[in-house]
Structure formats: C-alpha cells, structure tokens
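See the structures that follow.
Both complexes shown next keep subunit A, but they swap its partner, so subunit B is in the first and subunit C is in the second.
And then the complex of A and B:
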C-alpha cells in the first residue's frame, strides 16, 4: 500500500512540475495579490485594535490559502483528465488499491503546496515580515500550509470524480474562491463592521485556517487559534477524503 | 511460459444503462490461444462487453469467466490474468514511454533488475527503444498504440483485450500492430479478444469472428465460414455510357438480386443463374459496352448486411 501511494504520488508530482503553465500562475498570482493588497490596504493597520502595523504580515497567511486553492484546481483537473483519457481505467486494471490511488493522486497538490509555502514565506521574510513564533513557528506555518493544500487538493479530487471533466472541476472554483473571500482574509473578525459579513466569516472554516497561520506570524503562540486552524484543516482532509473515496467507488466500479 | 488453459466464456451477459440495453444477453466462447474478432459498428456494444470482461464494469445479468475466473466475483484474479489496451491509448502526455512502463510494472509488483530488463525488452519489441525516454506527447498515434500494447503485456498476461487498437492509425502502423498481435497468439499462445470496426482487420487477424449489432451477437464463426454462409459473389458493372444504366439494370437482374453499387454502376449478387462468363456473354449479346466489370467475393460486410439488413458503414451513420 505504501509503495503504491509512493508510485502514484511520484507520477502526480512529476506531471505537475512538467507543466509550468499550470504551476507558475498559482505560484505568482497570490504574490501579486499580496503585493497589491499590502500596499493598497496598508491604511487598515491604523484601525484601533488592528493586531499588527504590517499589513504584509497580516495578509501573508491568505497567500498560503489562495495557493492551496490553486493547487486543488490542478489536482482536480489532472484527475479529471485521467478519467477522460482512460488513464484511471489503466490504473484500475492493475492491483492498485483505491485508497492508494486517492492518497497518491494528491501528491502533486501537496508538492505544489509545499513549494508555494516555502516561496511565500521566503518572500514575506525578504520584505521584512517578522515571524513572531520564530523558527519553530515557521516550520509549523509550512506544515499547516501543506495540510491546507492537502485538504483543498482532496476536495478537488472529489469534484473531479463527481463531474468527470476538467470543465466541471473548474466551474466549481469560483464558489470556493467566494468562500475564501467571505472570511477574515482582509480584516480581523472583530473589526468587520457589517454584521452579516462578520457572521458569515465567523462560521466560515476558512477564517480559522487563515487565523491559525496568522497567529504564528503576528501574535505568538496561540493555542486556540492553532487548534482551530489545524482542526479545521484536518477536518477538511477527512471530509474530502471520505467524499472522494465514496465517489471513487462509483467512478471505478471494478468488480 | 505458462498460459491459462481457460479462455473466455460468456453466457447471457447483459448490461443495462438506465433505459438502454447496451449488451442484450450475449453468449460467446473464446478458446485459449485463439484470436477472436468482435466486429460491429460504433455503439453496437463492443466496448461495453470488453469493460465487463475486463472487470471494469459490473454486468447487469448473465455470467462470464475469463481465464477461469468469474468476472463479477473474482475481479482481482481476472485482472492478474489479463492485459488490456482499451479504446484510445490511455497515456499520460507528460510521462515518457519508459516511465509509463516503470509505473505499470511497479504497480504489478515487478521491481529491480527484472523490471529494468522487462522494460528494455518490451520497448525493443514494440520498436520504441530510441523513443523510450521521450515524453508521450511527442509520440505519433502509432507509437502511442505500440506503447499501449507494451503496457498491456508488462505482467505477461495469458489473455489480451484490444479495444479497437488500430482506429486512426495509418496503414503502415496498422500492419505493424497486426503482425505483433498475430505473433503473440502464434508464438506465445496469448488469447486475444479484439474489437474492431474494420472488416479487413477481423478478416486478416481473427481465427473466429463474432458480429455484434444492437447489443446482440448476430453471427459467429471463422471468417471463411461466415462468408460461405453468404456464398454468393457480387458482379458490379460500370456502363461505358451513363445512358445505358437502365438497360444494364434490366440485363443484370436476370442474374441475381440488386445490391449496393458505386454511383454510375449497377451490381447484383449472383444467385446461381450463371457466373461472370455468362454475364460478360450477355453484355456482348445485348451490345452493351462496359467500362468496368468487377467481381467481389463475399466479404464480412456482406455477412453483416445479410444478418442485419444494413452495411457496416450504413450502421455507423445511424
């Protein structure tokens, strides 16, 4: 089983990184948004109660999330392509287990998520972001970012297995992007004045993923924020994996 | 090399998709070491049958065994015994040919030096040694099909399923693939289940042919048996002057029933009231000058026409 996961993951990583057109934009677009927002919204740091005087430090964690979303799109579209071309059937004719196929298939998303996290963190550090929790915190940021990428990547796989087409996967992504924007990405929840927006941001798990990362950057060791951040990320992985596993049985209905 | 003593057997095999019965209860038997050609137009149920026999699709009814294992209950044993190259070469354009073979071999539990030797041997056998380290997106259609065949053979299967393996290939690539498939059956005793919509392919390669239409097998036998069932050659005449076509029609009807002909020509299936020399003599007697006279021996298309009332080409267009 471990060997099978490794083989499928290896292929997923190789094919992802052999398509520069699919991984360069997801790597650079969040950086551009980070540059624009950290300049354009810098005034927000003057709000009473804003947790830091660097909007770049505040906004940096959202880049990890945005990158993870892109990575999930790649994982989904790649699997949809495998379904479309019959490559999934080819794999189904080998002794590979469904679970190995699923876990291995998100290898590309995890690999890209790890690369993105390293790049975003390095760019943040180069431009003066101070990680309040030090080196250990930086490692934890990378870990949480990879978990978030894994969760979103698995969601992408579920969408691919459900729709069976790259177009089907891509058509769902505006919804996921919308979910990330109605969160605490631009402001801490306690500073959002519009009640409905604050309420939605409060029930949106994305807020807690961002806040978990953000706590490590700007507010030191915050057990509650970390528990919620890691908890929701792991829950996303578990739920997506369950949904994708069920859908895989329908899609790969071998006897 | 050990080969299974069992071939393929299906009894009343059925597959329903909502309201559509794609395979409507087929019976067939393929002997070990035999090449069985499964012939029919698009949508006839060929691929659905292959998907059921290769365990990728559970049957809605009936039963089938492949290499002695039940396709519905012993899926993993069936998969271990078979190799399959399904419709359209299912390859990853971003991997090289050798990487495909390495992945496939590893998933079948073949490792180390054995895997390395096997990959080299298979690449050589399908003529891809020099292209083995090139990404598949740079391969031609024929190269993809040959790699597909190598992948199907990686774990030394006793039964090989080839679903329209030469569709879209140029004549040279098609002939090369036929040679390799023929060699596999002849020299290595591999049982081959080959679906095709090409009459010539079934005629050249298959020991026996099953003709499927609308999910049912309408004829089965060796190509020569099937053609002998029809037994009547066709004579097609192109008159020198198009104005003579009506006179030609009247004359040829004496020799048999009208059958499909090219534009500007008239053809009859000879019914025993004379053969080609009689037709030529009649044309001479009536002073009807012919630009061309063609004699067609019965083909599998004639068998298809006789069994279904349509030509294979006509069935494609439906």
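And then the complex of A and C:
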C-alpha cells in the first residue's frame, strides 16, 4: 500500500512540476492579488475594531487558501486527464488499491501546496509581516496550509471522478471561488456590515480555515480559531476522500 | 463595405449561437462578476465609514461601477478565448479563406462580445438594483456610464483578439486575462483614489482606468466628473487596440 501510494504520488508530483504552465500561475497569481489587495485595502485598517494595522498581515492567510484552491484544480484536471486518456482504466487492471490511488493522486497538489505556503510565508516575512506566534506558529501555518491544500485537492479529485473531464472540473471553479469570496477573507466577520453576507460567512467553513491561519499571524495562540481551522480542514479531507472513494468505485465499475 | 458587414453579422450570429448552445461557456463569465459584486459590495461595505471616503451614492453603487467595467472588459477577454479556440479547431483558418473582407472577422467577434456582455450587464444591473443600489444620476448620466462600459468591452475584446490571433491557442488565455486583471486592480477598486497610499496610489494615479472608473462613479452618483478625459482615454485605448487586433489578424494571415 505504502509503495503504491509512493509511486502514484511521485508520478503526480513529477507531472505537476514538469509543466511550468501548470504551477507557475497558481503560485504567482495569489502573490499578485496579495500585493494589490494589501495596498488597495490598507484603508480598512482605519476602521474601529480592525485587529491589526497591517493589512498585508491580515490578508496573507487568504493567499494560502487561494493557492490551495488552484491546487485543487491541478489535482482534478490531472485525474480527469487520466480518465480521459484511459490511464485510470489501465490502472484498474493492476492490483493497485483505490485508496492508494486517491492518496497518491493528491501528491501533486500537496507538493504544490507546500511550495506555495513556503513562498507566501517568505514573501510576507520579507515585506514586514510579523508572525505573532513566532517560529512555532510559522511551522503550524505551513502545516495548516498543506492540510487545506490537501482538502481542496481531494475535493478536486472527487470533481474529476464525478465529471470525468477536465472541462467539467474547470466549470465547477466559479462555485469554489464563490465559497472563498463569501467568507471573512477581506474583513473580520464582526466588521462585515451586510447581515446576509455576515451570516453566510459565519456558516462558511472557509472563513474558519482563513481565521485559523490568521490567528497565528496576528492574534497569537487562539485555541478556538486553531481548533476550528484544523477541524474544518481535516473534515474537508475526510468528506472529500469519502466522496472520491465512492465515486472511484462507481467509475471503476463502469469501466 | 457590404461584404464586411455580411462577414461581421454572419460571424457574430455564429458566435452567439455557439454561446447559447454551450452553457459552460456562458455561465462562468456570468457568475464571475456577480460573485465579485456580492463579495465586494456585501463584504466590504463597512469601508464607506473609513474617514475620507467621499462617495455619497452608497458602497453598492461604488462597487457596481467597478464590477460593471470589469465584466465589460472580461466579456471581451472571454470572447477572445473563443477566437483562440476557433484557431485551434481550424474554424478560423477556414474563415480566413472564405471571408471576402477579413476586417469583418474582427467586427464579427466584436459584435458577439458586445451581445454576450449586454446579457451579463442586464443581469448584473438587476442584481444590483435588488441589492438596493442607489442611483443618483439621470438618464444621460447612465447613458454615459454604460457608454464607457461598452467602449471598455470592445477594448477588452480587441486586446484579447490581438493576443489570440498572434498565438492562435487557448494556452494564451492567461496572457489575455492577466494584464486586464492587473490593470483593473491597479485602479482604486475598494476605496476612492485619495484613500490609497504608497506605491498603489502612485500607480493608480497614472492608470488610465482610474479616470474611466472615477467618471463612471461620478455618473452613477449624479455628479459627472472627468467625463471628457475618461471618454478621450477610452476612445484612445479603443484605437490603439484596434490597431493591435488588426496587426494580429495580419499575423494570423501570414501564418497561413
């Protein structure tokens, strides 16, 4: 099982990093948005009750999440291509286990997620972001960022298995983007003025993933924020993995 | 001239038909501005309380103008994806062979982009009105606002068409989108120009889109501002990118 996971993960990582067109835009786009938004929204720090005087520090965690979202696209499109080209069918003839296939397939997304997290954190530190929780907090940020990338990556796998096409995976992206937009990405929930938006942001797990990361950067050790951040990330992995596993059985049975 | 019109209308009809037959091509460009509008107008409305925020028409109207212009530009860019796809699939080459007046090809894509965006603009406007957007401007002001957006839609299309015709591949998609995205977000998106600080203020002050955006906000507020400058810049961009698209078409012709 471990060897199967390793081989498939290795293929996934190599395939992702062999195509610069696949991983460079997901790496740079969140950086561009971070540069623009951290300056464009700096005025928000003048709002009474805003938790920090650096909008870059406030916005930095969203870059991890956005990067993870792109990673989900990569994982999904790669698996969809495997379905399209018949690789999955050929794999079905081998003794490889479904769980190994799924865990291995997200290798590329996890690898990219880890790289993204390191780059974003480094850029944040270079531009003066102070991590309130210190070195230990920085490591925890990297861990949570990788978990979030894994969760979104697994969701991408489920979408690929469900739709069976790269175009199908891509077409679901507006919905995933929507989930990230209707969250506390730009303002703390208590400062969101529009009631319906605040309510949706409150029931949106994405808000808690961002707030978990954000707490480590700007507000110190916050057990509740961390518990919710890690909890929702692990829940996303578990639910997506369950859905993808079920869908994999259906797809294998069809072939 | 008539042959140019025939080519343009024939191609536009085909593009619009393809669009309606493929919801996957139509729905994401429709959802994207709506999502942005909801996220910005809903999530950031508290920004109107920032000291110095001098737009009096409400934050929904403030963001509506940006999202309207963004949807116009991206409506053009998404139409550019269609041009690239037509080249990849060989349709555009057949079109180059069969069209008696090739400049009609760009005009056809431009009409299709306008029709596509017009539908998005209607939905976006309805959503904004339902969300309680206050309009301070009169009919003439709104005509000015939508006029600017129409020109901007055509600028987006001409830019993307120039890229698509030079690269003739959907893989050039990021090249079509990213500069437009960056140009838009280097304008005063969330707060008025005076509230920006640092390098983004310096860039936004020189960004032509800032003047177009501020004129649009002036229109919706009923206090038109920098109108001549905004229209002058929009038309200048239109001319520049018309040349860009025409030379792109020539590059495609030369490539065979």
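Throughout what follows, the second predicted complex is superposed on the first by the 253 of 255 C-alpha atoms of A that agree within 3 Å, B and C clash if a C-alpha of one lies under 4 Å from a C-alpha of the other, contacts with A are read in each partner's own complex, and residues count from 1 in each chain.
Note that a contact is a pair of C-beta atoms (placed from the backbone, for glycine too) under 8 Å apart; a residue touches a chain by one contact, two chains touch by 3 or more.
Remember, predicted model here, so these are calculated numbers, not experimental data.
On the superposed subunit A, the positions of subunit B and subunit C stay apart, so the two partners fit side by side. In the superposed model, A:146 lies in contact with neither subunit B nor subunit C.
Put simply, if you stand at the Cα centre of subunit A and look at the Cα centres of subunit B and subunit C, the angle between them is 90 degrees to the nearest 10.
When the shared chain is aligned, subunit C comes close enough to touch A:173, but subunit B does not.
By the touch criterion stated above, A:181 is placed in contact with subunit C alone, subunit B being left untouched. In the overlay built on the shared chain, the residue A:191 is in contact with subunit C alone; subunit B does not reach it. When subunit B and subunit C are set side by side, the one touching more residues of subunit A is C.
By the touch criterion defined above, A:19 lies against subunit B but remains apart from subunit C after alignment on the C-alpha atoms of chain A. In the superposed model, A:90 lies in contact with subunit B only, and not with subunit C.
Shared-chain residue A:237: touches no atom of subunit B or subunit C. With the two structures overlaid on their shared chain A, subunit B and subunit C come no closer than 17 Å at the level of C-alpha atoms. Interface residues of subunit A facing subunit B in the complex, by the touch rule stated above, are 3-4, 7, 11, 14-15, 18-19, 82, 85-87, 89-96, 253-255.
Interface residues of subunit B, counted against subunit A in their complex, comprise 54-58, 71-73, 75-76, 78-80, 82, 84, 86-88, 90-92, 94-95, 99, 103-104, 106-109, 135, 151. Contact residues of subunit C toward subunit A in the complex are 24, 27-28, 31-32, 35-36, 38-39, 41-47, 49-53, 171, 174, 178, 182, 185-186, 188-191, 195-200. Per the touch definition, subunit A reaches subunit C in the complex via residues 21, 25, 29, 32-33, 36-37, 39-44, 46-47, 167, 171, 173-174, 177-178, 181-182, 185-187, 191-194, 196-197, 201.
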